[in-house]
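You will see chain A twice below: alongside chain B first, and alongside chain C after that.
Moving on to the complex of A and B:
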């Protein structure tokens, strides 16, 4: 039985036969536009299907088409029609192609913008012809007339389309000798965005994004001709929760992130595929790090979850990872005496105590910020010791686009693995009661400050054994008898189940500080010691084992998650 | 690839011409030292060679004639440096204002580990701002490894002033100032 998403059987699509660079190819007649509505396929999409890329600035697959940068101009031809409205044939019986030319100047090819021109049967597109190349060169030259060429100080350098296309399609020197038009630089557009007007190529991607995707129509172009500038509506700031996406889609260095401004050159950043943990949506991200320091999050394309976007609050929520007060030592505390011990010793001592614990005297408060695998392992400990388990609910404000009201990245993981019931946190009062009544003597806490959730310091003091694993210090970690330093999600591998039941995996980007160790690694040892069951020592094996034992994950494997995840029944 | 051993003629095979050639050089030096009293050695380090033009000594940072730091922290030298001797700390969003305000940016820290440096000159070649040059110092000494890591201040002091003909930022500033007609005024 498999309830994992299987490959959908696609209905037969109507295709059109065209030629791209002389090669015949069948392309669908209609393709989804930025909203997913079926519209006639464009020449640009046809070229992409044929395996070639047409350079472009203003076109973005998830934005309405503007067709203003002219970079995607291509030479093309359509079957010639005779006066009788019948196709004219060549001598060899093939249809004669009439190349698009300027009216009254039939020797000059007339290109069309590939992003906005639909294909028609028999059309021939020449994305690599000499005429196309000349058109590109000319457009690029025109875009560079007033470009300041300050790449050494531009944060976009290294991922700039203007740089890339200049290398591929540009000319070494400009024919323009006139002084460049200077526009405002380092304009404060909003709390997170810096604008450099000189670098802008006026593609209007940012304007379309904020109007049509974010629904906050703040940006526009003011002034005329060479003085065109992007600006916010007078007296307002560009400050919605999605502004930083405009930095991603800006093909040049006009819009840059204030947070990332002058921090690091992008070519030094090593990237890892990961997930945003700020809410239950589970936006796919790419973590950029260098020398163990995280510099930025960027959204990663996943149409099943976030498309190419993510919110600003989630994107900027990475600074705690490298905080100086991160827990980095494994501490054992007896009375007032605290000592640093080894993982081997700690695992042995804790498992000995858990094995000796009477049934029902243990409680586990896990976190819905933990991975599916960790929650699954904790559930095993709970089943063996007859422990009461729960995790903590975290609710906040959501919005219509991406931000979810559930601020835990893995609430559904906690539910599916059986750590928590339908309502997270329902058992916490019972656990508090149990500690007060003396029936619960051992408490295991993962990643939560329980003093804020109804189990105060006084109650923690009553416990015979308090095992706490966390990343940052809190009142609970201070009271712990065993303090096990854990890893942030960028320091380990694992999977989350988002609010819609999408199981997605994330990869490791940086090393954890000091003694800190991925939770699933030491939980694996603990489970082995307490229950006697041997498990897998790799995350792949562990996930696959979980998938066979947890009904909701049946049929899913670590490999089948791929980069974009799999939807399960919740 | 097979390199063919050159065929030696009889004259070459007897080696005598080569030996005589060697004697000629030795004899010349002998004559210079004994009869002309000219020495072939020098009293290093009191006396030093003047190194030729284009010599690749230690790389130092230079200032422009107005005393501004030329480096804009683009980190291309750090990227190109084969032994990874260069380490630049970029200014970040709240860093110190650059010496030339319209250049926006200059490094917070710039370190070259002279023990790692191989004096290849790639940094000078790649620099888009003409801010780093391999100069004529060839004898770098220090009492510890830490001392051999030259920081920004030291590199700028050793580098001196560069009088390059290209004054990009000054030119841009002038050009912008002449355009008073730009309709948008910044607050």
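Moving on to the complex of A and C:
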């Protein structure tokens, strides 16, 4: 099997020597633009390499350059050339630098926008000079002229570039005494987006995103001068499946998410790195929670998967996590009698029954929404008991950008761990047949309502033992002899393998309700009891053990997954 | 007025588009001028028709229509009175003239943009420099240009409009 941790060999990069704030630095001559095409490195990128961020609003690394906000203006100079086209030297032999100045006003520095100005050999950039600071002050002052300064009621407060730069580069007081221009507020731009035109700095990031990334050219700037507003064409809605990304990239509080609006101040949110589970793409996300309640998903940068984007449907698919009817009690049912029992007792009883089960009398249906680790542990149980296993395929509509037609987050995990074959669900009919014929007496179900997938409630009634683990109640959980409440992915740690074979891990954001326990924890105990094998009690150890046993994961470790995952051969 | 495109108008539009072989979008302004010339204003239907002609989204055309004050989205009166308000005319009394016209036709002199009298005969709007600063205040009545327009002179001009 191929070693999963691919090492990229970097060819020698042609560099240019420049100076940033007096410090010499070699930067690559060419760097990728928003589409990944190699183009000349800009002053902004060079400053980033030198370790300094040039403030900017309209520039976004994954959008075409517009250069309209002027915030990234910097003072700079290039080597002076004599009439003989040879560099002019200082007395000490260093090249003389001609600072960029106004044509007929040589004492006034003429800045350039760092986001769109390519570097040249010997160039000197002064991102912290007095002149640069003055330019920033002036730009900010202009941007704030008609701004309502309503930070106390603005959702962006705390993650607003206008706020941050005003503190860093702005002035405490405005010189503007004239009445401000009032623009439309609370504009309903689409089903998920609310616009406050007064807060907008007209950077056009949203327009460029929806035109060039989402491919839905719906937004534009209408009217002119200080009456400029972002708008859709009258009678149309900004309603594609990627609109909420514009809320992320809006550097100010103009575009707000209707879902998150007025719900929580962002500085109260505790964040955890996680994954979106709505389809097989596995977009990287950040889960924002406070006091055990999830408030939002936001995309997390990962160029190998989703870039900085995610779809709206995935982003808003978190409300079930805190649902009131979440399974939170470990229940044992005998006949009509249901009682709450402890994990210790349940684990022992289930283990004893599985150990006693005749070979081939057990079947396992484990959802491709479970983690790699959980599926791996279930496979161990299956191997020991000679069980028939499968997952459930979940297909829907995909698109060209991020949404995949496979609605399971971990179909490949199910395949690689051996729970399912190439085609998910191919064994389910066989399992149903086995139950009907009486050869299969025990069924273990993880995270699926099998009554919807060919194993009806009548068949479930024929089983001697039905162990079900799930998150939300279903017909299957109602029929369970042992109902083991599991965790939503944001309540545990683990890893998924996406449709392209990217193995990615996710972290825990909130606590699970009641008795609910991470499935891999109690599966670990179960596997120990049933197979007699000792495993690891930490997710790190468990993953590493799995990586040595599952061929596709060979060479990968929990640590090597990092934040962005590793691609394996599928 | 409904938006019905005649064959001759469509031919005119197609001819205009043919001037811009590299990028049809460049024909946007020409098409808007031609449309306003033909229909007197640029309706929503017209914007959508132009967008389709140029293979653009309606918002791309709508941006232009709202940007340029010379493009109207509502029909104007039979006579459009354009009063210059740039510096020389402002000093020469163009606000007095504008006030006079607005009051006469029952319009709000402080409202932004073009206003039309109830009978649909006259429209009044402020415009920027009409390039005759020496003879302020100046005004245009449709395509006719008038210099040194006092309130009395304005009345005389209006009398000629029927």
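Keep this in mind: the second predicted complex is superposed on the first by the 567 of 570 C-alpha atoms of A that agree within 3 Å, B and C clash if a C-alpha of one lies under 4 Å from a C-alpha of the other, contacts with A are read in each partner's own complex, and residues count from 1 in each chain.
In this text, contacts are C-beta pairs under 8 Å (C-beta built on N, C-alpha and C of every residue); 3 or more make two chains touch, one makes a residue touch a chain.
Quick caveat: nothing in here was measured; it's all calculated off a predicted structure.
Asker: Since both structures carry chain A, what do chain B and chain C do when superposed there: clash or fit?
Answerer: Aligned on chain A, chain C fits beside chain B.
Asker: Could you figure out whether chain B or chain C reaches more residues of chain A?
Answerer: Comparing chain B with chain C, the partner touching more chain A residues is B.
Asker: Pick one for A:267: touches chain B only (first), chain C only (second), both, or neither.
Answerer: In the superposition, A:267 contacts chain B only.
Asker: Roughly how many degrees, to the nearest 10, is the angle at chain A when you join its Cα centre to the Cα centres of chain B and chain C?
Answerer: Here the answer is 80 degrees.
Asker: Looking at the overlay, what does A:157 touch: chain B (first), chain C (second), both, or neither?
Answerer: Only chain B is touched by A:157; chain C is not.
Asker: After the superposition on A, what does A:234 contact: first (chain B), second (chain C), both or neither?
Answerer: The second partner, chain C, only.
Asker: In the superposed arrangement, does A:222 touch chain B (first), chain C (second), both or neither?
Answerer: both
Asker: Once the structures are superposed on A, label A:259 by its partner contacts, choosing first (chain B), second (chain C), both or neither.
Answerer: Once the two structures are laid over each other on A, A:259 reaches chain B alone.
Asker: For the combined overlay, can you note the least CA distance between chain B and chain C, rounded to whole Å?
Answerer: For chain B and chain C in the superposition, the minimum C-alpha gap reads 5 Å.
Asker: Residues on chain A in contact with chain B in one complex and with chain C in the other?
Answerer: In chain A, residues 222-223, 231 are touched by chain B and also by chain C.
Asker: Write out the stretch or stretches of chain A touching chain C in their complex.
Answerer: Touch list, chain A to chain C: 217-224, 231-236.
Asker: Enumerate the contact residues on chain B facing chain A in the complex.
Answerer: Touching chain A from chain B are residues 72-76, 78-79, 90-93, 95, 102-105, 128-129, 172, 175-176, 178-179, 182-184, 186.
Asker: Mind listing the chain C positions that touch chain A in their complex?
Answerer: Residues of chain C touching chain A: 44, 47, 57-60, 62-63, 66-67.
Asker: What part of chain A is in contact with chain B in the complex they form?
Answerer: Interface residues on chain A, with respect to chain B: 148, 151-153, 157, 179-187, 197, 222-223, 227, 229, 231, 258-259, 261-265, 267-268.
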